[in-house]
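Shared chain: chain A. Partners: chain B in the first complex, chain C in the second.
This part shows the complex of A and B:
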């Protein structure tokens, strides 16, 4: 075999990711639904891996949901993105790291547009100067936050307290992964493994002891569709997409679903609940749902973070069965507590937990 | 050459999204929206390629351009490097520019997107700002979300957020001077103009439909566009 040839073939599926000094921009969806994931990401990067990750208090949304909801014009979106670049430049950073896949797609689209139509970059520079007085440099490196966790997956494995292995049987846990449409479908060369061999999440699962399960609808959309979920009258679109995925993955009995995009875990979690309410159908074993994790939550669990510090209590599908399999200790009494153990009550009955109790009784 | 086609051509997404379509239907085969709605991106691209003024106007007033979820799966699979999803974005932009969006049930929903998502962007600096958005509007969010809503500041504090706080952090209060910059960007780049057009044409349509129209989310027209589904959109 000619090694050089092989390396050349696979080069287009690889991606350059900066080693350090990142300018972090947050995700609107993740902050609202999975705040513990962004907290964990920064802790992992800064404290466990010793990296410099900077956040500017004046950065804002990239307008992504408004842009893909078609109420924010292209020029407006590009100029808001240019302002984020300006904050990065002014702060002395060159490597941009968005927490959101929609944002990652937007930044990639803007850079690609400016590359192919240089006059659009000039127009946006004029707009930004006029509106804010700011100027900017284009980032040297653009990586999604999951790209960084992927890059440092071996370092995380070396520090691992727990693995994706069933501690009762010693068998690797089965994971299905969902990378989110805007990670690599639009610009395949910008994602690890491209659109054909996406490896950003699979690489983490394999490195941390688990087994990646392929299934027919692995690459189907979760169903956000922007206006399709947000407007009540359209929501059947969203649910039917997730439903298609659940039906397709069910025969493979996954122990967990691992996600990349901030929105996908919310849909794959909440639609399991809604389908259960509507049809009494559950996709996990013993009437339970399939736990859905963000990559930050999984990295945190592997590193030994407390599940309730990671925010697993915000999931509608309980994750305790997965914690048990991984041998992760947790205190059920602290699940719904506030800071310093403050009593915050608890949610009304959870159908999945109820089912589990019935199963145990039977 | 038609005027509407020329206007579409001015949109860079249209230039990027449509080079030469061979009508193979690969986009329709991969399309998530096509599985749910009576929707066929191949036909849309075909219609646009005719450059027929009347057909394009009908398209801009139709339900069909609002069915796409912009997942962009079509981009990956088109053998000619087209992106019907980008063509849709150009069509939607022009439909709003001309005021044609209010002629369809799905198009009228743009007022919701403008007032809710657009409103959050300009008021808070976030696309989503969900304290107070409960299961009355989003039932599938479930009992854990209800608990979360009931204890929002405490839950955020527990998980390391800087909710409404100064400085960096999760759901921090974005400084007023930063929000002013965003508002100025909207003013300079046509964002405000788009918003005003959505409001203007929606108000006219509400009058025509004899539905009460007001500011915010608590009025008859707004409730109607959020929840009304004629159920004429899916495959039979």
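This part shows the complex of A and C:
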């Protein structure tokens, strides 16, 4: 590996990211998959970094999953996107920050379409006006939420309580990163580091003390191709994608997997459990799985947030091994307590020790 | 009567052969060459397809025409060209001015920068090299080894790197890469008979005399494997070997293969020198970004500026044979122009 070659590519793929005053739009699915992530993002941006981040209660889906699943027509998708822009404009913001990679891809695609076909933009403006009476400005700056964490990675490092270093050995933790297809594969110039050697997550890992692993199937899909997973008959294909990645990364002994997209942590986390159930195979050391984190969760851990406030108890692969390595204290007794102390229910077993289906008590 | 003056920009094989013919026709010819030697890219090529003749033999032949007949200005780049009436004033980097009655542009080509095909990992993965790098090993008589000094057991050649590829903006075929891959695959098998060699191609464009014969020989005599399919990506294994993903379009199956060495067959792009000179004089370029000739069938050495002519690969990718032939045609075209154009006034 010639690191200078990668660095040359990273220099080419940089993008402008606004300094402040963001209009944040949440993901449809992340709030269910990893509910602590978006909350952690807002807390980090507002409280740790002192930024103005605004959310609008009328924000809806971008229709991305429906659009890519061929059930939402292009004109409908663009009009819904135009409505999100209208909410941003009405709120007095100009910098759009989606939480979801699919949404980021959708917004990028729509803006690029309108750039090349201004008559399409005019048509959509008419649709929106007729349907809702709203008007909108095109965002001055579009950045994915991970772009912001990347932009402020040095500030986060300065405030870091913990680093991506094994406190027992002093050795940097090895991390696998996965940026999600819609972040840069469609528009490489819109992703930090481009599509082939993306840097958005690698930059965070390096800045916070870890070491990035480049493994052969790094570019392969995580398993959340919409048609692979949403069509039930295709789910074996989804799992085989994840399986291929796990097999490929296993010899490098990663300490964690860092993800960017709503689907990637879901599948890289959940399929580890499913593969373990099916084959008895685990990809971490000592029969454990490889913890899978979102970038907000990792930033939160680095900043000293309580792991259970970040929602790590809702991961299928237990994260305690990683917390131990980073030297992060945690209270096992509070793992399944909600923010208000309410019992969230406990898994019936540790999936990596006993072969039983994971269920939650009522 | 004072001899008419011609400046030839570029001392590659096109510049050498056209200068020889123009000097033989009693013109005052000056080659301006940016390097310290004549010969251009051919100096870096050990053996030539399809005969395996040494490139140096061709250069020796061309030099015999140049020596003693043509003025050569080495290590010099042109900074300005101005045309006043029928005379060109050419300024060089060292501040000198050279006058010419005609200018022949022989600025050739550059090799495609393989780093632009990011997914193939050139300059990122240690065991990914270009056809030019491999030829340099042949030229310098070095052993073919992997980055960690082992003899490669499996070697892959990727055709059309930077050619016929709209993603990098080059829709054209570079013509020479297919047969160069066959030539280099054979040379590898000569040096490393135990190695498995694979060529990943879109189409085998064996258009030249004896190319098809070489292609057949590569398969039958040397056992080179030709797989029809374009590489989607290359990655690095833990041991530094390269894993490639290809679709075998004849078998209709995706293919995943580990290779010890991956060779990228880089195509032609207009040279940096062409782009600079073109801007100075206002030369038109075609959709392939090489210089545009006045007509594709007939006026193939004539530019859009009266008194400026082309020879060689500055107008399109060409083989050595084609370049030498084109250089001679350019010499005749320039001579016709300087002799009041008995033929050059024809129109099409």
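Things to note:
Going forward, the second predicted complex is superposed on the first by the 336 of 362 C-alpha atoms of A that agree within 3 Å, B and C clash if a C-alpha of one lies under 4 Å from a C-alpha of the other, contacts with A are read in each partner's own complex, and residues count from 1 in each chain.
Following the convention adopted for this analysis, a contact is a pair of C-beta atoms (placed from the backbone, for glycine too) under 8 Å apart; a residue touches a chain by one contact, two chains touch by 3 or more.
These numbers come from a predicted model, not from an experiment.
In the superposition on chain A, contact of A:252 is made with chain C only, not with chain B.
In the superposed three-chain model, the partner touching more residues of chain A is B, compared with the other of chain B and chain C. Of the two partner chains placed around the shared chain by superposition, neither chain B nor chain C is touched by A:280. In the superposition on chain A, A:181 contacts chain B only, with no contact to chain C.
Legend: residue contacts after superposition of the two complexes on their common chain; A:214 is shown touching chain C, with no touch to chain B.
Look at A:118: by the touch rule set out above, it reaches neither chain B nor chain C.
Look at A:9: by the touch rule set out above, it reaches chain C but stays clear of chain B. Contacts of A:314 after superposition on the shared chain: chain B is touched, whereas chain C is not.
Residues common to the contacts of chain A with chain B and with chain C across the two structures: 195, 219.
Those residues of chain B lying in contact with chain A across their complex are 11-13, 16, 32-33, 35-37, 66, 68-73, 75-76, 83, 89, 92-93, 96, 105-106, 109-110, 112-114, 116-118, 121, 125-130, 137-148, 150-151, 154-161, 166-172, 174-175, 177-179, 181-182, 184-191, 194-195, 198, 225-229.
For chain C in complex with chain A, the touching residues are 115, 118-119, 121-126, 233, 235-238, 243.
Across the interface of their complex, chain C is touched by residues 1-2, 4-6, 8-9, 194-197, 214-219, 251-252 of chain A. The touching residues of chain A, counted against chain B in their complex, run 26, 28-29, 31-33, 35-36, 38-39, 55-61, 63-66, 68-76, 78-80, 83, 105, 113, 116-117, 120, 127-128, 130-132, 134, 181-182, 184-186, 188, 195, 219-221, 223-228, 230-237, 239-241, 244, 270-271, 273-274, 308-309, 311, 313-316, 336-339, 342, 344-350.
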